[in-house]
Amino acid sequence: MTKRSADDPIRVGVIGARGRMGAEVVRAVEAAPDTAVVAAVDADDPLSALTDARAEVVVDFTHPGVVMANVRFCVDNGIHAVVGTSGFDTARLDEVAGWLRSEPGVGVLVAPNFAIGAVLAMRFAEVAAKYYESAEVIELHHPRKLDAPSGTAAHTARLIARARAEAGLGAQPDATTQEDAGARGALVDGVRVHSLRISGLVAHQEVVFGTTGETLTLRHDSLDRTSFMPGVLLAVRSIFDHPGLSVGLDRYLDL
Amino acid sequence: MTKRSADDPIRVGVIGARGRMGAEVVRAVEAAPDTAVVAAVDADDPLSALTDARAEVVVDFTHPGVVMANVRFCVDNGIHAVVGTSGFDTARLDEVAGWLRSEPGVGVLVAPNFAIGAVLAMRFAEVAAKYYESAEVIELHHPRKLDAPSGTAAHTARLIARARAEAGLGAQPDATTQEDAGARGALVDGVRVHSLRISGLVAHQEVVFGTTGETLTLRHDSLDRTSFMPGVLLAVRSIFDHPGLSVGLDRYLDL
Amino acid sequence: MTKRSADDPIRVGVIGARGRMGAEVVRAVEAAPDTAVVAAVDADDPLSALTDARAEVVVDFTHPGVVMANVRFCVDNGIHAVVGTSGFDTARLDEVAGWLRSEPGVGVLVAPNFAIGAVLAMRFAEVAAKYYESAEVIELHHPRKLDAPSGTAAHTARLIARARAEAGLGAQPDATTQEDAGARGALVDGVRVHSLRISGLVAHQEVVFGTTGETLTLRHDSLDRTSFMPGVLLAVRSIFDHPGLSVGLDRYLDL
Amino acid sequence: MTKRSADDPIRVGVIGARGRMGAEVVRAVEAAPDTAVVAAVDADDPLSALTDARAEVVVDFTHPGVVMANVRFCVDNGIHAVVGTSGFDTARLDEVAGWLRSEPGVGVLVAPNFAIGAVLAMRFAEVAAKYYESAEVIELHHPRKLDAPSGTAAHTARLIARARAEAGLGAQPDATTQEDAGARGALVDGVRVHSLRISGLVAHQEVVFGTTGETLTLRHDSLDRTSFMPGVLLAVRSIFDHPGLSVGLDRYLDL
């Protein structure tokens, strides 16, 4: 890895380039003035296309069966990797961290969610939680979604619960004695989560906080799948300053 | 009952005048330019104060144990009655209707909710329901509330369900296969209802409708108990044109 | 025109079938179980394709220069026409009405907006307006939009203003004495309208009503261009019951 | 000042105790389990009542004409001061800082806004601003308000503008070529601010951020004047750890 010149566009390789997400990444990287796709690799293409094209950063939206080999190739060849593929557990993250020990200049970002607003909203929820008596989460998605609540909503609830516990807040006030089953939502670590499934929607989340005389509401709306593109581009641009393994896009934001 | 002159303020009697709601009614009736309190009656006062003061309309926010005697007195004396007291079932309504048969010029309005916005939102929900694939209800209240969902939310859900049935709409689309208990809310006649309890809030409701590519949201916020005052005043002014028994403020609105 | 059998899909012709909107119409009509595209006509195709295919209803999303000839052809051949093309002024509407006098069984719908939610929200705003002291309109669109406020927002404001005038409401309460230019929005017939231009948004509108202690908010969100499809399909299905000229989709809704 | 015991309630003196805000402070301090009012002083009472009662913290909601003498008294007597009175310019702040140099253990907090949510929302807006192409502010207040936009909204806009400038963001995208005067709001340092005046509302603010495919909305609602109480109590409890002069409640929050 040599120091890159700020005048040249960042040389980006995309793995999974013909997939639904990968194709969007190709479009976004091409559209940005300071980044360029130098290699678009899919299932049948050799990874050597990335080194041949002298890619500086690789973006990987593939699947759990192939992503480890892809990341290994990047690390071994001194290429930074921005990874949106799912399936990373602690064992896999440890393995990646092990590879990086012999390539300390290389950065790998593994992130479950590239929508900047989702990441910011989670962080803000965590900060606000300790100042409010009440906090509940509403998430709204299209009706084709299989799980309720969404992973992001459950994660947000857990962050809020942890922040409340650290601040010494007790249980939330709630005098409910008569409840139709389910009315008060699902309980995630003591925080209520409500899931709506509505035709026409994409992915939306609202966190409502309240205390005496006032409320604070944090709302994030993803209107289409391009919503993760600004986050991917931010990662591509910032990874040069983040050698080693980072988990979660929030590590790249100045929060 | 003689034809009233539009130039004079409407002569209003208030029963339960020292109660929480009654006191607000006294204030609101006094504050409006076209209405005046001529008798403020509470638990120990004789109802004859209403006839002595030639009240044209009586507003009753008392309790189920005394309200029937109050309404009877009004009907017998040709005084219109606006009733916000709870506890009216079919038997009681039938009894009032019976009294009114011998006083066909007298109007009695029995209404569970005088917040105009709540009444409008329910009516609009009913109209919109038949045009949308999806419809869910969110209600948000202070955490001292005992029941979930609120009566208004459950009623709104039933109105939506009936409108959907009449329009021949089937079940709402929902692919959920993995649900944390309660995440999808309470099911009221096939319509999901979600209840939040948040410090600082008063009484709020949101109905979310969705179909291909678009959503419609109807939101009503009561910010304090004075929110029922415009509805009470509207009823006091309109009751002269509505002889007989009316149930629900929507009967007085031009919807 | 012969009485149609409810068992057969409605035979739909699409003019402008390769345009951005027309192509969506083709997809939606094909996807619905009770409608079928029998003729897809574009700029260079003869209109006789519509009669050859025995289209019962034509949908026209073309442009002002050709739409009148298209509608004329439909009326003369006893085909109902659902028209989303812009540019209809009173003179054009009068001309269409004239043609329809000799074909009293044919229906023509000319509608500026097929998003059902936008139509419902406008109607609800009109109904609610007379019960509230305050009413303002917020519209939010993508930043590529050229005009502010949007046509729909200005139209909504005028409907509110007319309803207020008919109800005898005076000017809205507003004690503002110090205003940074523009803070209070544009004044459309006495109703304030506020326009936001935000990346990532599509087309959104919110009407906020308020009176003592309570507010009512009507919000419509169009998340993508398919949002007009349910309205087009509703028109295709309903036009058989609406002979003659109708202007505005609200004429087909049961409001 | 001696080290206080965590077991005893904090001894609070209130100046302006019979004013609208002061009376609320008395109520809130009495209601909290860990604070107690030991002196309630108003216009005609001697300040020595504060020292006689061994007040540890004083809360001052008075007026610009007397507040400086009150703060001076507190500093000279080693009493911490939480000040919500308006009228502090740089000269006054410098003067207070001067007094504190000889009493380094005493804390003085001067804060224009004690609503925690308002403070958090401003801080979050500042953080989010650099990640979004678009940002606009909507504030909604009761119609008795004299100025538009509100001071908080203008301040929020300036914070956003500064964060955008520091991040090297240029002007916001906006293709508007036809604007009815005021539709696009007031321009505060390049950020659009929209002011609504609606009966029934109290004090509400919404900041809308947008970028490709997604939006983030931060909303704060003050529903009544008690909304500043949690902030006052937080200040009373935290001031022991913040000797010297602090300006703005955000200095006491862990952001």
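Labels for the chains are A, B, C and D, by order of writing; each one numbers its residues from 1.
What we mean here is this: contacts are C-beta pairs under 8 Å (C-beta built on N, C-alpha and C of every residue); 3 or more make two chains touch, one makes a residue touch a chain.
Owing to the predicted nature of the structure, the values given are computational and were not obtained by experimental measurement.
The best fit of Cα atoms from subunit A onto subunit B calls for a rotation angle of 180°, in steps of 5. Distances between chain centres, each the mean of the C-alpha atoms, put D farthest from subunit C. Look at where the CA atoms of subunit C average out and do the same for subunit D: the two points lie 46 Å apart.
Between the CA-based centres of subunit A and subunit D the separation comes to 34 Å, rounded to the whole angstrom.
In terms of their C-alpha centroids, the spacing between subunit B and subunit D amounts to 39 Å.
For subunit C, residues touching at least two other chains, in rising order: 132, 200-201, 209, 211-215, 221, 223-224, 227.
Of all residues in subunit A, those touching subunit D in their complex are 28, 115-118, 120-121, 124, 127-128, 130-132, 209, 211-230, 234, 253-255.
Against subunit D, the residues of subunit B that register as touching in their complex are 200-202, 221, 223-224, 227.
Against subunit A, the residues of subunit B that register as touching in their complex are 132-134, 136, 138, 140, 143-149, 154, 172-188, 192-201, 208-215.
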